[in-house]
Amino acid sequence: MALLVEKTSSGREYKVKDMSQADFGRLELDLAEVEMPGLISCRTEFGPSQPFKGAKITGSLHMTIQTAVLIETLTALGAEVRWCSCNIFSTQDHAAAAIARDSAAVFAWKGETLQEYWWCTERALDWGPGGGPDLIVDDGGDATLLIHEGVKAEEEYEKSGTLPDPTSTDNPEFQIVLGLIKDGLKDDPKKYTKMKERLVGVSEETTTGVKRLYQMQYNGSLLFPAINVNDSVTKSKFDNLYGCRHSLPDGLMRATDVMIAGKVGVVCGYGDVGKGCAAALKQAGARVIVTEIDPICALQALMEGFQVLPLEDVVSEADIFVTTTGNKDIIMVDHMRKMKNNAIISNIGHFDNEIDMHGLETYPGHPSFVMSCSFTNQVIAQLELWNERASGKYEKKVYVLPKHLDEKVAALHLGKLGAKLTKLTKEQSDYISIPVEGPYKPPHYSSRSDDFQSGVEPVESIDMV
Amino acid sequence: MALLVEKTSSGREYKVKDMSQADFGRLELDLAEVEMPGLISCRTEFGPSQPFKGAKITGSLHMTIQTAVLIETLTALGAEVRWCSCNIFSTQDHAAAAIARDSAAVFAWKGETLQEYWWCTERALDWGPGGGPDLIVDDGGDATLLIHEGVKAEEEYEKSGTLPDPTSTDNPEFQIVLGLIKDGLKDDPKKYTKMKERLVGVSEETTTGVKRLYQMQYNGSLLFPAINVNDSVTKSKFDNLYGCRHSLPDGLMRATDVMIAGKVGVVCGYGDVGKGCAAALKQAGARVIVTEIDPICALQALMEGFQVLPLEDVVSEADIFVTTTGNKDIIMVDHMRKMKNNAIISNIGHFDNEIDMHGLETYPGHPSFVMSCSFTNQVIAQLELWNERASGKYEKKVYVLPKHLDEKVAALHLGKLGAKLTKLTKEQSDYISIPVEGPYKPPHYSSRSDDFQSGVEPVESIDMV
Amino acid sequence: MALLVEKTSSGREYKVKDMSQADFGRLELDLAEVEMPGLISCRTEFGPSQPFKGAKITGSLHMTIQTAVLIETLTALGAEVRWCSCNIFSTQDHAAAAIARDSAAVFAWKGETLQEYWWCTERALDWGPGGGPDLIVDDGGDATLLIHEGVKAEEEYEKSGTLPDPTSTDNPEFQIVLGLIKDGLKDDPKKYTKMKERLVGVSEETTTGVKRLYQMQYNGSLLFPAINVNDSVTKSKFDNLYGCRHSLPDGLMRATDVMIAGKVGVVCGYGDVGKGCAAALKQAGARVIVTEIDPICALQALMEGFQVLPLEDVVSEADIFVTTTGNKDIIMVDHMRKMKNNAIISNIGHFDNEIDMHGLETYPGHPSFVMSCSFTNQVIAQLELWNERASGKYEKKVYVLPKHLDEKVAALHLGKLGAKLTKLTKEQSDYISIPVEGPYKPPHYSSRSDDFQSGVEPVESIDMV
Amino acid sequence: MALLVEKTSSGREYKVKDMSQADFGRLELDLAEVEMPGLISCRTEFGPSQPFKGAKITGSLHMTIQTAVLIETLTALGAEVRWCSCNIFSTQDHAAAAIARDSAAVFAWKGETLQEYWWCTERALDWGPGGGPDLIVDDGGDATLLIHEGVKAEEEYEKSGTLPDPTSTDNPEFQIVLGLIKDGLKDDPKKYTKMKERLVGVSEETTTGVKRLYQMQYNGSLLFPAINVNDSVTKSKFDNLYGCRHSLPDGLMRATDVMIAGKVGVVCGYGDVGKGCAAALKQAGARVIVTEIDPICALQALMEGFQVLPLEDVVSEADIFVTTTGNKDIIMVDHMRKMKNNAIISNIGHFDNEIDMHGLETYPGHPSFVMSCSFTNQVIAQLELWNERASGKYEKKVYVLPKHLDEKVAALHLGKLGAKLTKLTKEQSDYISIPVEGPYKPPHYSSRSDDFQSGVEPVESIDMV
């Protein structure tokens, strides 16, 4: 594919596979809106005041139908948007076409090469002479990475005149990144520096991206504030527990048409993803065995009736293997040699000698309803960064959404599901020291840090153990 | 019952209902040990080194068979123990008899008056002229409360010569507490002051007690360090989710012999306790409706297929009501008037016009296996306080157990359940930055505060929401 | 216990443990009525017309609170009733007392000797000079057996003057039966003969009793018509699937206070009882392994995610064993030797070297709601036998209730559970050839014989298999 | 599509969409074989003796990949086969191509017109001058219908010279059938008469077809023996309960990508299909409401925790509707008008004003493992008919497979699922009067007619009810 930017009749840039699929994309987009009540509620509640007026937002996140609903929520709130996918395979071309035609600058197609992938990322970040972006929606951290590497190279170049050297690394993808920065440096030696100066912040979608952000925070190298959307309850439970409970059998059935009932399934790892997968396999009639390293998770698996054994002990008797650990080297070639003929490994890793969750995590098939929670978190996080852009409230650190906003995301979904909340009376509110309007969790109950806890130090070690 | 302390042939003090039940208690104690592998593993692992040698421990916690296994674990590790119950109804008299005869000073019987209850608490705290206790195991915080109120009165008395005035309060129970302190003050105006000076710390078992501790920490009135055992994963999941999932149908069936299948059950509140209750009723064939104030919990209920409605909407059609909110005024007389004849309310509150979880929380019927996790946490917490008594490590704050100890508690149970953990390879360990030997949760994943998070401040508000 | 019949002030005979428990029995009886809507609906619907007027009914069925509601339904419909238990341990003495005082002649107490048991059975059958019974409610077939053996002995005696010889058998219980008949023969050599001539028929409750009846039908020795209540859908599903799903965890928890979650349970046999037990254990968090001889049932177990293995393969790793086969020699001493310490066998057989379901089948703890279906079947069956006593409709064969009556039993329960049925339209009724008012199953779908099928012969063998 | 028969290079007739898809079909066929262990076991066990040598078999059954494995099992056992689909939409064209090229005469493609459909059926029945078929595998009874209508027309024609008159009916499909017969009559006025004389019998797959067969048996118009495969346990449970439990969520997710969790699902009808659907929706996190006409099924639904209400009461609050009744007029236009926007009706009927299960029943997407049981039944039934063709064993009646063959079908699947059966000892076998080698159900327990029951007549009515 020739890497030439095209333009719509209104002059907006794009590069997609096939613009003629835009109508089909629009049709599916309309259907998906019904399953994303949180985003639609955002449009209703915040649209009239145009809170993103003047904001330029770059997104690097699977360019799917669900993401399209996110993008059009951002534009409905007043933002200008440029977008790329965060995975070379995950773009739905009809979604990309509909958005490119109607709403935002899109650079994404299914089946990009790595070279094309980073070109798209660069395009999405390039707002031209007027500058930008102001905000980033990131998934996996590649847009954030490109800026950080770009700034590093520009600083080195300014200091010593040295250009980045793609041959300095064995990693072929990183060679591409360095080459891209090197080429850009010749045109504009302050491109990424200007970008980071303008940037209000990033909201990050995934575990992987969050991990990178915390590492940068601790290295002191983080260049702008970040909100960790991944650990909102309404994000993590939906993407992990409910999402995988839904998507695993769906994926297995679509891919293999296998009857799950009566089979033996092995779930490697019993975190939220593993819990969802194990529950799904159990409910579909499989016998489930769990592998774990963490005794707490192992005990939880046992309490649900799952056997806990090392992979080695069960590799030859199981029919279906699902890796959910986020770690590498879980199912190795030696394991596969011992498997039954026709055993199903639910996720063949992208890399040489490992099988990991990368593919499943980036699987674009979570249903819209699941993504509605996740993306509503993104909208709320972006709003907060934008509104506080001048207040100095956010330093170069990683933040999570406070409870009352997490609850807000949940509340935005309840109506669609026919639920009616109970209201605290004033007396009850006083009794349990929780405001009538929430947040409803006591502060030390939280799954995340907060003011309350930050002054409480933990027991650090117990010697005899 | 005449409030006279009795003594065993070896001279240990006690006051129980009927010492002749000691053999029966011993028999059940032997059976319960099999279901409490964590405590037995503590005896095996720590017993030989006698880490509690010299420690005097007072406990205020339901004097049941399971607690008896806890007490004998403490003594097996070298401690001297005095014990009372933390509820006037929850003592199992055969358990009290067995412990009084064989292991520790016990002051507890089923059906105490409030006057008797506080007398027992005072006895358990009174180690005589040698002083003590060094440590407290508390459940609900009454032992901790008595010391704090005692110290307050003694300080006032020293300052102004004023004695506490029981008539200054309408609360009849608090009148008793003040009366008790007043009487004691005449004998020894430094009794509680000396106690607090010696005290190494308390480990607290329940939500209610933990709430009191945090309040004192923020008031600056907390007199000694406290470990919050309630929020260990191996405690909270077991007591709440698994424990209630087990105990609710058990309790309903024992109390009423009703067939749960086919009935409509209402679960008020969908926290961990509510989740366990709702799952139990669903599995037993009931149709379950949830009431909630918190939209996140409401959304979770919906995702499990439960209807979410206010109590008012369902009160006349349901057969079984379970309150799990920890709040007051949940099911009121007006609700009851609208209920079906023979509707079951699983927990009639102890007080005039409310129905709360107090009774269920103090229900002594959790099976031993559930209590094994909870009590193993207590042992580990007590050990830590004792070992660090001289190091100054613990200030007058509330702490939770660090992850690696929570994992230790889980690990102590796995063998009994036939589980085998998978081991991280060195490469995997490096890849996910988690030590081979744990803890296995990334630090920002924690459900509790820790070093990592304490530096991370949250988003505090988003204005437009 | 001296075997002397006592009399109430109104002259009704009885023999129970303790008449002073009658008030307590009445209280529980009142509570149980709420859980037995089918029987109460029978009273409402049939009571006014007194259809049992003039009928003398003998019952041999566990003398429990639930049975008491059955007895009072029979009397409410106009019958006179005499009752004994069908098991030496299953009588609830307060139930027996309440019925003896208020409603019927009862001969039953908890802990009868075998000698006492058969004396009670004889008393329940003895209606004095006026003759009787007209009808029998039997459970296990002992009342039916006594009459058949009595008639056989009387015929032999008339023919040859030979008295039955208790020493002719090794079976100690059968020696008692023969002794009883022998003694009676001297007083009245036509007692059982007159009884069988008057008898309209029996309705039988259990698998064991039904098996005996079919054997007599095929031997040609059946002396009166019999209705097999055991195989009504509303009986079999309730007693077996739902009943055991409810009662197994209840029984395990009451007996042992063990936590089922996390344990390994072995269910021997996967019929309706086994299905209920396996589901209950799974739902309580156990890992379940099934043993089976029947490949269809084995395949069903697999489709629910249960492992299917012989007992030998799992005996040393399981914690809980439940036998549900109705066969003998399932769990033998050799198995037990290999079990874990503290393994639970849910039903220790009554006899030397076997463990069977006898105990569980006779366990009187099914909740009232379960028994309501079963006993409503009994009432309907008894009504039918009585109404057709003169029509010659019933020959000396075993019958099952027709579908529309089975459906009637179900319908009598729906209101209490808040269900509303959908009604067939005339067009729909024609389309599927099912009357608007039912029965709703096509005739060849039935789980039982019927007109339609009786003309259809099966494939009898396929040679190559 | 021009209705011209084509021929393979070896001279076998066929008419399929696209022969170039044969390789793709073969690939999927190879994969499907792994999931159909029963059929593969048939090949292994019966293939060597070629029991179908000389048999000509016509099949009218969805021409899918799974059916292809059935066809090749029949040919592997020695049969010659001609095949058509039993539904105009259900053919998988790659499956048809693979079979047409490699194994049997196929006349089927996706998207036939009704005219084409009946032309295909006629082709599959036309074995040319040599005569045939000997056996029919039927699904829905269309092949059987055509022969019966053909014979009727030929008899009328012989008697009175009258040709069938397509205008005598309003039903457009029946007009086609009559036209087809009329045309054939001119060529060969004995075509169907010769066919029925040769025919050994038919094995029928579906409820609809079985219903037609029983109607003909009672009319006395059935022309040849029939085996009702539909009511084998290994067929009915797999197709209905397990099959729908698997296929419903699969179909919903593929068709709509909707998140089932949190939605309200209405299942119309709670037979085996309804039970499977309700369980699947519940497990996926939906709240399920059941509509029923039959009180027994309604009571079963309640015991699983499902609300039972008429459609009218819930039509406006539910998200997903599934009709499983096999009846007509279940969900009408008036209902739809009251539904939520975007409500999902899982099966829009094929006809003007009804929604029925026709589409779902003919949905070709049951996974191979489910079809393996069903089709193994077909093979066993066909074998029996063929082997007994000369013995006169089968009259013109409808038969079901005896239990030991049903068990055989199950047994053929167990190995693949890793199950090991327990074996009866001789003593146990005697004790429960069941042969060591089965069948394992007591005769009166059967879900179908058999010798034992045929002599047992039911209670026919109870007057007062």
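Going in written order, the chains are labelled A, B, C and D, and every chain counts its residues from 1.
As a convention for this text, a residue touches a chain if its C-beta (ideal position, glycine included) is under 8 Å from a C-beta of that chain, and two chains touch if they have at least 3 such contacts.
According to UniProt, the chain labels map to these proteins: A, B, C, D = Adenosylhomocysteinase.
Everything numeric here is computed off the predicted structure, so don't read it as measured data.
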Chain pair showing more contacts of the two, B-C and B-D: B-C
Chain pair repeating A-B, as identified from C-D, A-C or A-D when over half of the contact pairs by residue number coincide: C-D
Chain centre separation (chain C, chain D; CA means) in Å: 39
Chain A and chain D: spacing of chain centres that average the CA atoms, whole Å: 46
Separation of mean Cα positions, chain C and chain B [Å, integer]: 46
Rounded Å distance, chain B centre to chain D centre (Cα mean): 60
Contacts with two or more other chains, residues of chain B listed in rising order: 242, 261-262, 285, 299, 302-303, 307, 417-418
Of chain B, residues touching chain C in the complex: 31, 34-35, 242, 245-246, 249-250, 253-254, 257-264, 283-285, 317, 341-342, 365, 367-370, 417-418
Chain D residues touching chain C - in the complex, by the definition given at the top: 46, 49, 51, 210-211, 214, 227-228, 231, 233-234, 237, 242, 268, 291-303, 307-311, 313, 326-329, 373, 380, 383-384, 387, 393-394, 397-402, 404-408, 410-411, 413-414, 417-425, 427-428, 431-432, 438, 440-442, 444-451, 453-465
Chain A contact footprint on chain C (complex, rising order): 261-262, 282, 285-288, 299, 302-307
